[in-house]
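Order as written gives the chain letters A, B, C and D; numbering starts at 1 within each chain.
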Amino acid sequence: MTIAPAEYDFRAARRRLEAKPKSAGEKLVSLEDAAARVPDGATVAFGGILYSRTPLALFREVLRRRPKRLTLVRNLMCYEGEWAMVAGAVDKIVTAWMGIGLPWGLSRIMREYVESGRVPMEEWSHLGLGLRFRAAAMGLPFLPTLTMLGSDLMGVGGSKTVTCPYTGETLHAVPALFPDVALLHVHRADRFGNCQIDGYPHMDADIAFASQTVLVTAEEIVPEEEIRRHPDRTVIPGFVVDALAHVPWGSYPHECYGLYDSEPGHFGEYVAGIQADGARGVERYLERYVYGAASHADYLALFSEAMREAAAERGRELAS
Amino acid sequence: MTIAPAEYDFRAARRRLEAKPKSAGEKLVSLEDAAARVPDGATVAFGGILYSRTPLALFREVLRRRPKRLTLVRNLMCYEGEWAMVAGAVDKIVTAWMGIGLPWGLSRIMREYVESGRVPMEEWSHLGLGLRFRAAAMGLPFLPTLTMLGSDLMGVGGSKTVTCPYTGETLHAVPALFPDVALLHVHRADRFGNCQIDGYPHMDADIAFASQTVLVTAEEIVPEEEIRRHPDRTVIPGFVVDALAHVPWGSYPHECYGLYDSEPGHFGEYVAGIQADGARGVERYLERYVYGAASHADYLALFSEAMREAAAERGRELAS
Amino acid sequence: MSATLGGVEGVTANELLAVMGARELEDDQTVFTGVGAPMLASVLAQRLHAPGLTMMVEGGIVGPQWRPGWLPISTNEMRAAYRAQMLPGITDAFLLAQRGFFDVGFIGGAQIDQWGNLNTSAIGGYDRPKVRLPGSGGANDIISLCRAVIILTVHEKRRFIPKVDFITSPGHVAGGDSRARSGLLFGGVTRVVTTLGLFDFEPQSRRMRLESVHPGVTVEQVRDMTPFDLLVADPVTTTTPPTANELGILRSLDPERQFIG
Amino acid sequence: MSATLGGVEGVTANELLAVMGARELEDDQTVFTGVGAPMLASVLAQRLHAPGLTMMVEGGIVGPQWRPGWLPISTNEMRAAYRAQMLPGITDAFLLAQRGFFDVGFIGGAQIDQWGNLNTSAIGGYDRPKVRLPGSGGANDIISLCRAVIILTVHEKRRFIPKVDFITSPGHVAGGDSRARSGLLFGGVTRVVTTLGLFDFEPQSRRMRLESVHPGVTVEQVRDMTPFDLLVADPVTTTTPPTANELGILRSLDPERQFIG
């Protein structure tokens, strides 16, 4: 397995970006309109990490459109990667790690799809993949690093080395990764797409700057004034964003820092379904939570108010 | 003129950093104790930019100790560079630009010292020098970039190029710069040295991570709890900081975002002194504001309360 | 310069540059703007035909809305950050330019040569210069990294020279495709706006070419003030004089005439 | 494993690893800690002898003070960020490690070989593996970039193998100076802490060497559970059993025994 030249072609990526309008204007659309901007065959990068600030509402809407041949990129890929496998939406996973977390064990779905060769999994180290986004965000074809040297991960994507022209040392040249689409979920944005994140920023800003098309959901749409009052909280400027949808609880049952905690119990039920029935368990989950819930409101109605209130209470307490 | 290998020797810089304690403990010292940590011959990098958040109180205290053979590094060097020239403290200036600003014209002091060959000025582009700090902050000997290519700045420091191993393109390899000492001024810190900055962050964090010794002054020392309540505002963690002094108005008459505005009138008087008497004007300024003011309190007493109150009022209004 | 700069009584050089510069910017563009006249031109364009223009200012400032009467002296001060949307830091601001996010780079004048190269470093040799100029600041980066670059400058004989002593900020370097061959894969200087007229660069040689003269200025006057072999478009057009609306808004932004002179 | 793990009645494997791991950390150090037992060990050390220990957690979390009863399941969640001092982002957190800011990297076990190489990627070939493991996460970066690296793992025969199929996270690679020759200029695996004893790496060959056994464990038992030619220090010492204080504090951190088992 090796990376394709289109992934790190910074000249072509820049030409595409130059050709795109970078307006300071209105970005608000419906969740459906935002999701419709993910074409079949696209390389799609996710914001958030593992079960934190995952753009789940947006990705569920993408899955409802029955996409094909996606390449999904996420440093710590949670169960959204399993959904895409079972839904037949994904040709390749690019990640540093895939699962939910220690208590839920190895991903049986990942094992089934990867071991059978149906979906290749291209593995990078956490920093290695982070630097692929960073290189692209900086408009570069590569970044030097020490990480991954000496490991067999160097061979997975076809990593090359570069010699420092000053010191003569050999460094790993991490190739840039310019995704076609970024899916992000943030705490707040104004209608022009200026985005603010509370707590840990994960890799969202690099992913936004690296990607050709940037789709964002926000817990809250705030007046322009609120952004301008705290410009040092903004992490993605409006001219980078293509479409913005207002989606409270857009990451639930994953967490959103300070707003709501994750639901490990929900993960447990999901995994129990797989332990009982394998991929069929995921299909049933998708029927109920993805295809069966026509709108985000329908989806939220599948969780009790009390359960969400408790998640919000824990979220506030943990960030205080 | 070429850069010295010690500037970009990332192996030696890392070994020095490894050998240094990185304690989570107390960092509070007096301004005098902090300034005493700048040895003769050191390469000293300044936080802030031009007349914004310059660590002026700290540098005045450094000058009171009559240092010798310093190399001063700052992307936009304001009059503190002129002070060092006239004080005989500086062997070399590394910068992208030197002056105060358009209304004050070309720096006559810079012209006098640089044109006569007394103090060489090593010029980089703004991004080029920023990337020298960034490379060092990342623990690398160089970073690739497009900037400075095609210009005669490539020859000033002795820049080399690097070929991308994926695309074959030639890029400028900016050499890292690992300063001996960083001088920084921030809005607030706890006594363990966890630092927060409001408004524009300038290059302070990169400079802190790049430097062997990090000296900080803060407008306010806050309880640990306040840092832990807003960890997403912290830009430099305590284990990076060697010494911290509590210095309200530590950047005045330069600005500190949201706290006080700069004093263009003061710059005008300073420049008028030079227009009248050349370097002698700077000497008189140093006698009054640096050597003649034994403490920071003595220094502040040279400005009227009303003037500082007005600067604070403008500072609040401009950031609201 | 005459009292009828731009064909309008009482217009100053900076007013003319700001008005002519503002007209170069389009709505919904992104502009990386340097200190001085480019800042005036950008904020004027915002108030005229380009409300959706996003300014990036060198101090790491995105989307400010400057306050009339409080225009910034430098790109690194609170007046420049007034009502900003984001403050990403200086290095990261320039890296966004390297990624290709800025439609226009907008910088002020200096010594400029027939290929649009700028010298703001040193006249008469770098190490022991006759005149040490302040340096690049961000001009080198803006000219190297933005998609299109517009230079605004007062048109004086001492500023326009055949070949600069030192290329601080590369225009078309030695002409032809030499800029791209130097490794600058993107962008390039597209336009020079002066107090006498508007210039572009002839596509093959990449030498400066007079496109338009301001009202009341003749081609011969421009040639006289340009000590190199200036190319001249055929025909040369004449720019529209600054309008009362343009001047009125500009003057309302700087009521004490601190910047417009 | 016996009911008297570490020589103390009722001690679980994770408790033993946490206690023995905590003892490896010193006050005023910086530790980049991975998920699982290393997190338990770090927070225990903080509450014991190392109040000035700064934890960096992979999610981009500096200096948290975790809340008893609310220990984090992952390195990327609010429980892990509880009372943090700074949240710099994931890439920047690892870049601080690359700069050299972390005295200790602390990671959990997997398949480990005699040179301390870890495999968490694939058993039986990468492209069509017999077992696809979850992947590196940040383990490769921690092991590559920190000054000293400590590995905590349950000591099982299936985990200790002569040579891993796939090096996800490089220990001493093929021994000798092969790690440095691969370009990893800094750091290296210094210590392995298991449920049976403590190990270092012999300085020349860089092969794993038994230093100490936990109370009640014999060298022969360790050899039996280690299917490669294990070096053994002379003499082998015996570790001090977990103390009531250590266990008491550890158990108070996880009263529902969610992590300690």
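The rule we apply is simple: a contact is a pair of C-beta atoms (placed from the backbone, for glycine too) under 8 Å apart; a residue touches a chain by one contact, two chains touch by 3 or more.
Model, not experiment: these values are computed from the prediction.
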Check your understanding: Listed by label, which chains are in contact with subunit A and with subunit C?
Key -> B
Revision key, fill the gap. Per the C-alpha means, the centres of subunit A and subunit B lie apart by a whole-Å value of 38
Point to revise | Approximate Å spacing (C-alpha centroids) for the pair subunit B, subunit C | key: 29
**Study point:** Whole-Å gap between the CA centroids of subunit C and subunit D
**Key:** 58
Practice item. Could you tell me which residues belong to subunit D and also touch two or more other chains? Key: 81, 87, 95, 98, 145, 185-186
Study note, to complete from the structure: Check: subunit B positions touching at least 2 other chains come out as 11, 139-140, 145-146, 161, 169, 171, 199-201, 231-232
Review point. What graph shape do the protein chains here make by touch: line, ring, star, complete or other?
Key: other
**Study point:** Touching chain combinations (by label order)
**Key:** A-B, A-C, A-D, B-C, B-D
Study note, to complete from the structure: Listed in rising order, subunit A residues that touch subunit D in their complex are 1, 49-52, 75-76, 95-99, 101-103, 106-107, 110-111, 114-117, 120-121, 123-128, 130-131, 133-134, 145-153, 155-156, 161, 169-172, 199-203, 205-206, 255, 257-258, 261-262, 264, 315, 318-319
Point to revise | subunit B to subunit A touching residues, read off their complex | key: 5, 8-11, 139-146, 160-167, 169, 171, 173, 175, 198-201, 229, 231-232, 320
Exercise for review: Mind listing the subunit B positions that touch subunit D in their complex?
Suggested key: 11, 13-15, 17-18, 21-25, 136-140, 192, 194, 209, 227-228, 231-232, 234-240
Exercise for review: Using the touch definition up top, name the residues of subunit C that touch subunit B in the complex.
Suggested key: 35-36, 58-61, 70, 73-74, 76-79, 81-82, 87, 89-91, 94-95, 98, 121, 126-138, 140-141, 144-145, 166-170, 173, 178-179, 182-186
Check your understanding: In their complex, what parts of subunit C are in touch with subunit A?
Key -> 28-30, 52-54, 62-63, 65, 81, 83-88, 95-96, 98-101, 103, 145, 147, 185-186
